[in-house]
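What follows is a group of structures, each given as structure tokens.
What follows is chain A paired twice: with chain B in the first complex and chain C in the second.
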Partner chain A sequence: MTVLAEGMNVFETDKKPSGTVCYLLNPQSVISLIDSGKLREHILLVRGGTTTFLAPALTMGAIGIITMSGAPESHLGILTREFQTPCVMTAYLTEGSGSRYVPGETDDSHFDEIVEALNGKNVVLDCSDEAVGKVVLLEE
Partner chain B sequence: MTITEAKTAEYAKRYDDDDDGLRFQPLEYVGNFKGLEPVPDGILGDKIMRSRAKSGVLEKVSHEDVLRDQFTLDELNDLNNYLAWNIWDVLVMRATEGVSGMIPRQEYEILAFMNEFYRYPEFMRLITDKIGAQGVIDIGESARSEIGTKVNCVHDWCLGAVAFGMGRCGLLAGEWVRADDYVEESNIILKFMQRILWGKRQDGYILNSQDRYRCLIHDQEILDQLMGQVVDFDQGSPSQHTFEQFNATAELLAFFDHYDCRLGLGDTGPYPLPDGRLLIVRDLFVNEEVFHWSDVCEGLPHCYTLAVVIDPEAMGLREIRVNDISTTFTIPKNYVPHITGGAVFVREKWDTPMGDVYSVPISELEPHMEKLRNSTYLMYKKTAKMSRHTLCLNGIYSYYIEMILPHLRKAGAYEEVCAKKDFWEIDQRVMNYYYEITKRNFVQVVVPQKIFSGEGYLPFSDEADLRASKYLWS
Partner chain C sequence: MVDVTDDRFSVLNAVWLRKMAGQDAIEECTGMSYHEVGALLEESIELGLVRELAGQYLLTDDGRRHVLEYYESKYSELRNNTDLISWYDNFEGINSRFLKQVSAWQTEVGSSQEKAYARIIRLVERHITGLTEASKWIARYGHYAQRFRRSIERIDAGQTEYITSPMVDSLHNIWFEFHEDILAVLGRPRETLES
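This part shows the complex of A and B:
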């Protein structure tokens, strides 16, 4: 089992959603994904931990979410718990530069490295632990 | 479904006097108490903060105390210190969420805070002059016999914690005011907050954190009416799933209609039920008609109120908090699979009489969810087209207008402040700050650091004059 990234687990669940990681850069990319009808084929990767950016994706059945900032107490954390959509927050790569998100201090290179490592990968989310959520590479 | 095995619920121990509660997060707070032991979150944090107070204002206070117009300097500083910790307690982990990608929330938040500090005292004085101190207390008390009311924890907390606490903190951080400026206005804000919250709770406290994170305000008659409509679910049943999804879908639009903030959500409880379960009464405000962007919510009611019944034994509940921004958190974190009963009610308008509130059977929720989903998507596409400036202005409104709107409405003063006090105008100083706050990391780093370390809530000095406003612009 190859764990690509770990982060805060919003809530414990035995759901194990899988799909291709899709990085959503801006609202237009969210709208495009929804309009494509392929929302449920993807694990969504986003930078922030706020709710509005992913609002329509949440209501229309997003299966799993990875964020690069935020905590279970963030609005997105609260809403993914309510939707029971597995969510790993403030994810960091298990290999690579070792960079960690620090509010107000982290520059773009931290986020770029995570996007580069995860976007397009076929993964499954393991959110069975109380505290730590894992992004696991699905072997071909 | 959770994979955690059920354990014996111990949450009731949290209500023993000598219990210090659990920690919900690992951080600690210092604030204005440098050199003393750092303060944790939760029940223990409340105990420590109250033990450091110089006055009795953080203990149960009397009707006579609340009617008195003037706080002492010690009382003002005790409230300042406690609110600063309380803000940290409820928001420090949320503050890690970073940029929105859609709404510039950090920017609009600080501008709204500062605008509230400048402008609310005038409105609060107008309301108090109009209906008297007892009238203000009565506004708070009205929440006890209503559901779907925005006279609730988060709005009432915002009157003091946001308008005074974070507003003054932001202005101090920007060096736009000094610590001993605006003492008179600070007293007006905090007294108004105290009266509303005291009137709502009726137990002498003002905040849920003082009562081990309980907000048990509703009259038994209201609770009986709600419980009369509650349907019990089997775990994993279609009814449970529908209720769960409805809750989430409405909550999401409630957040969104209030610009990604907590003002759309209002929990009270946990009310213990005779069968050992717990009731949370949850208001989800999905259509605030005062905001122009709510046009996409047409056809939805002002508020859905949910009776959410949780089985504490099934989830092995160890602690439950209804915090001062109206949000429920638990340990273990995931209470949703253990919702074993529920009911949904509709309040069409903010002033719909309680007798006209009606329930919607679980089996009839799907059309409501469809409307909620459609409105959410319309709101999203509408918001995505807005400029940063428009989003900031709307965001300021969503705080500055919204946080005092319920109290203005209840006082019958909303039209008056619009007509006579230019309620929808932003103070020119704050509009000027709009161009300053993105410089030198002010909004991204300086203000959050001041707010969440507690360093920014400077106390009033011993020389502060209780009559002082600001007399020198420099």
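This part shows the complex of A and C:
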């Protein structure tokens, strides 16, 4: 089992959603994905835990979310619990530069490295642990 | 250039604050009637400001631009009001506590959950008082206070979904919308045209 990234698990669940990681940059990219009819084929990767533009994706049945910042005690964390959509927050790569998100101190290179490593990968989210959520590479 | 009247802004703003909303939710947000909201939605769709998706309404890029421009033109002076800024700073402190207690309510059981609920209600009641005060700057903030009161009444009547459910006018939904609203008033919207 190859764990690509870990982060804070928003809620403990046996659900193991899998799909291709899709990085969503803005509201337009969320709507485009919904319009494509392929929302449920993807694990959604977003930069912030305060990313409110994900709300339509949650409403329309998003299966799993990874954020690169933010805490489970956030609006997005609360919404993912309500929708029971597995969510790993403030994810960091298990290999690579070892960069970790620090509020107010982290520059773009941290986020770019995570997007580069995860976007387009087939993964499964493991949110069975109370505290730690894992992004696991789906072996071919 | 489409003219954004106060009524049209109310409807567009409701869609923007909720990010995606059905007509009934827009009615609750705006306090407008079914027919008023329906007519303004239809007109906004024709103008390319709103689109419909599976019975829900979303803003187009143009719609988002209109909302943000309205905030900019209407509230640019208010952004220098030190009393409002101080009021907002106080709200952010309450907001952190509210989010923590809502998360606790979702994850705890038994007496811990009951304690979290009691704290949520205390924070909402404090916020209602604050909203009434803030309505002297922004009249629609009085409507948030009314919605909070109505949802508390529903919870008291046993409809606990009015605490956090995203599908009804829950305390968390109203709070979330207000947070987006005050950030935009102060020129610090989380969601811009670019991000």
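Things to note:
In this section, the second predicted complex is superposed on the first by the 139 of 140 C-alpha atoms of A that agree within 3 Å, B and C clash if a C-alpha of one lies under 4 Å from a C-alpha of the other, contacts with A are read in each partner's own complex, and residues count from 1 in each chain.
Keep this in mind: contacts are C-beta pairs under 8 Å (C-beta built on N, C-alpha and C of every residue); 3 or more make two chains touch, one makes a residue touch a chain.
Everything numeric in this text was worked out from a predicted model, so none of it was measured.
Annotation: superposed three-chain arrangement on chain A; chain B versus chain C shows a clash.
When the two structures are aligned on the shared chain, A:His75 is found in touch with chain B and with chain C. In the superposition on chain A, contact of A:Val136 is made with neither chain B nor chain C.
In the superposed pair of complexes, A:Met60 makes contact with chain B and with chain C alike. With both structures placed on the common chain, the touch criterion links A:Gln84 to chain B but leaves chain C unconnected. Once chain A of one complex is fitted onto chain A of the other, the partner contacts of A:Val3 are absent, as it touches neither chain B nor chain C. Listed for chain B are the stretches 41-49, 59-67, 131-139 or 149-157, of which 149-157 clashes with chain C, judged after superposition on chain A. Residues 11, 26-28, 31, 34, 50-53, 55-56, 58-60, 72-75, 78-79, 81-83 of chain A lie in contact with chain B in one complex and with chain C in the other. For chain B in complex with chain A, the residues that touch the partner chain are 1-4, 25, 93-103, 105, 244-245, 247-249, 251-253, 255-256, 259-262, 327, 329, 332-334, 336-337, 372-373, 376-377, 379-381, 383-384, 441, 444-445, 448-449.
Chain C contributes residues 18-20, 53-54, 56, 58, 61, 64, 99-100, 102-103, 106-107, 164-166, 172, 176, 179-180, 190-191, 194-195 to its touches with chain A in the complex.
Only residues 10-15, 26-28, 30-31, 34, 46-53, 55-56, 58-60, 68-76, 78-79, 81-84, 90, 101, 103-105, 128, 130 of chain A touch chain B when the two sit together in their complex.
Only residues 11, 25-28, 31, 34-35, 50-53, 55-56, 58-60, 72-75, 77-79, 81-83 of chain A touch chain C when the two sit together in their complex.
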